[in-house]
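Presented below are the structures under discussion, each in the form of structure tokens.
Two complexes are shown next, each including subunit A; its partner changes from subunit B in the first to subunit C in the second.
So, the complex of A and B:
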């Protein structure tokens, strides 16, 4: 389980865990769980389009993640945040339906893209994942304080000189980047479980912002590593374990918080 | 602008999609002055504060602010905010974000920064709940933490948008007394908006009264007078004092109030 092509899997899984943890921390703090659900699902049609055009699926996913950021932030100028997010999903899924109807060879890839393909990561997939991880981690660290202030109160951030709209655009960009690299590994349906589960648990366990971030990353890593190991041992899908462990970590956090309240 | 003004607003005009909100607002707040911005709901108090903060661009007019220490110009406490009870931020972290919350990069705070945060927490009486999650504090406690957040960089001007709304009588009195004390202690000019002037009348140096898109300002007993406010509203209002409280009453209701009364008879004719 630690040899040959599996070593790539562990490297990618580690990067995915760190990025999903870091970005997921702010997904939960910024109440952006819906966007974290919609961006990967809305990127999925990109893979279908890529297959119609005969280009790399990763390119298609990347393009649709970018379109998602532009679409959601443009729609947010006109309407409420979750309405804007949902409208983007409506458009993306419409396109996805159309693209899927145009191709026949695509269907075998559908399953992998929805539920992930973590057990088969090839060497040439490593470099792009490493680069986008570095960018996503760097941007989140750079924007740590403004994002924290903005999650406390957008008005306070605005008055301090960190305009909410620009922060939202920057954050959606990081989220899209994290999505594009995480999606092929854990799948479109599982990206947001990995982002929301560990972060929502960590913030119950500590009231210190930097400790909560570290704890989120730790829990996300434990979730990814544990899921791969369990999937390897049981032959059950990785996606099952990611979702189950995410829910379990939240349950653990809840119990701990309840014990502290007593 | 006089030499000692912490804030001077001149000929300020703001309109939203053609509808004027502020037509010709001017007033000054002297350094260290404790000043109330009074007006009815929708009279443009928040708009005026946002224009002073530079968050919206006025059609014309000028806002000048005396620069504070280390570039800190204005402290700001927004209207009632709702905070996630599980947000991993303690009161102490919120005050620290007042020092450097807009700055990029990984936070590295010096011992001097920690000391400033500690001093500010003491100044607002937030030591007891300094280590508690800010989302789990009461409204009055949150207000203290947000005031510390706004003052930690020692601005020369502090703006507060309806800080007394949603507070009970006792917390209102405590927050007013706290602001008065901090204003004197740090020589920070304070401009706080409220729809009810009564909890403030005893302590303020100056009142800015906003109505009909314009403002009058001066000492409270110069402004809260029948002839001054009638001129401002553009119709006759009576300033009535009952048991030490002030009420402003429209003698003849203006058209929109008469229309509201016709729709809903329980409306009173009191403005604001």
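So, the complex of A and C:
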């Protein structure tokens, strides 16, 4: 379980856990669970397009993540936030079905992209993941204060020179970056479980932002590691365990919060 | 005559699978459009999408057990909708999170069921069929059930039209007028479950959001009254669905050997409708970015 090709898996999973935890903290704070679900799902057509064109999968995912950020922020000018998100999702997935219909030998690939394939991380996939996670962590650290301020009081953030429209764009960019790196590993449908579950549990356990952030990262790491180990032992898909463990941590948080309230 | 034959190829209307797709597709489009207007007004687009995704677990289970897929989608969607309303979370952020966590569990289950399905030796095409839909493969025997589901959803909405509208526009106002806001929410959620599972059958679980939100959002961009918004949403959704089926059928002639997916055309037509609606309606500029509380 810890030898040979599995060592790559553990390295990547650790990076994924840290990045998903950090970004997830802000996803929950900004009530952006829908965007966190849609950006990865909307990026997966990129992988299908890349396979049609014969270019690198990561490039396709990156391009569609970027398109997602632009599409959602453009549609937000015309409509409510969640409607804009839903519309982008529809457009991206429609393109996805078109690309999928063009390739015939892709249905196994679809399953892996949607639900994740942690157990097959190759060595040359390590470098891009490491670089993009370093950038994502760096950007989150830079944006930590303005984002926190904006989530608590937009007026104060505006006065401090961080208008919320620009912050939203920056936030979506970080989200897209985190998505692009985690997607091939945990799958388009599961990235978001990893972002939302641990962070929403941590939020119930403490009021202090820094403690909550640390707790989120810890829970996210525990979720990924646990899921990979369980998936390795049972042969069941990783996505199932990520969804279940994320829900368990949220339920645990709810129960503790309820007991404290009594 | 020749031009007409170019658009509507001979044999289109006589084709059995096309017939079924037209009927079931129209039912799904109409119900989704009507329920969607309320969903958009209530700010529950995420919940609507989450229900669709979660219902795919039911679709996969039905596939695994060899049951009627519509029943699978329907059962799980109704359970999830009931659960979400039962949790009765008032705080908008907590609601968002509960929806998200539930969505994660549902998708995880889908992953597991599809995986179990493939190791049982069935085709791996099931993942694509369940998630992306396969309109031309709907069996004709499904028509009565599909139309019944559509009818039940429409009757439920019609029965509580006024109080539902009021509670969707302003829950406080509706409460003050003596409407049972919680019961309205539950009926809406169940109608949503019916609409979503019907749409999931036709355009696939993850694209049913397009049928639900697209026409409603387009209609609400320029219609000035709820009644008109409902009418326009139905018109846009229905037209896009039939147009999409026709184009997909035509596409067999453009690229010999393989057709383009129906869902693709439907979504493209809906999105064009949305853009046109923006040009037609000069609704007072909306605050694009809603504050994350």
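Odds and ends about this structure:
Everything below uses one rule, namely that the second predicted complex is superposed on the first by the 262 of 262 C-alpha atoms of A that agree within 3 Å, B and C clash if a C-alpha of one lies under 4 Å from a C-alpha of the other, contacts with A are read in each partner's own complex, and residues count from 1 in each chain.
The working rule: a contact is a pair of C-beta atoms (placed from the backbone, for glycine too) under 8 Å apart; a residue touches a chain by one contact, two chains touch by 3 or more.
Fair warning: this is a prediction, and the values are worked out from it, not measured in the lab.
Aligning the shared subunit A places subunit B and subunit C next to each other free of steric conflict. Of the two partner chains, subunit C is the only one that A:98 touches; subunit B does not reach it.
Greater residue coverage of subunit A by touch, when subunit B is weighed against subunit C, goes to C.
When the shared chain is aligned, subunit B comes close enough to touch A:210, but subunit C does not. By the touch criterion stated above, A:29 is placed in contact with subunit B and with subunit C alike. Contacts of A:85 after superposition on the shared chain: subunit C is touched, whereas subunit B is not. When both complexes are overlaid on chain A, the residue A:151 reaches subunit B and subunit C alike.
Using the contact criterion defined above for the overlaid structures, shared-chain residue A:161 touches subunit B, although it does not reach subunit C. Taking the two complexes aligned on chain A, the least Cα distance separating subunit B from subunit C is 5 Å.
In the superposition on the C-alpha atoms of chain A, the part of subunit A touched by subunit B in one complex and by subunit C in the other spans residues 29, 31, 151. Interface residues of subunit C, counted against subunit A in their complex, comprise 40, 43, 45-46, 48-49, 53, 92-93, 96-97, 99-112, 114-115, 118, 124-125, 127-128, 131-132, 204, 206-207, 209-210, 213-214, 217, 221, 258-261, 263-264, 266-268, 270-271, 274, 278, 286, 288-293.
Of all residues in subunit A, only 29, 31, 141-146, 148-149, 151-153, 155-162, 202-204, 206-212 touch subunit B in the complex they form.
Listed in rising order, the residues of subunit A touching subunit C in the complex are 28-34, 36-37, 41, 76-87, 89-91, 93-98, 100-101, 107-108, 110-111, 114-116, 151, 154, 164-165, 168, 187, 189-190, 192-193, 196-197, 200, 236-237, 239-244, 246-247, 250. Residue ranges on subunit B touching subunit A, taken from their complex, read 53, 55, 74, 76, 78-79, 81, 83-84, 86-90, 93-94, 97, 100-107, 131-134, 146, 149.
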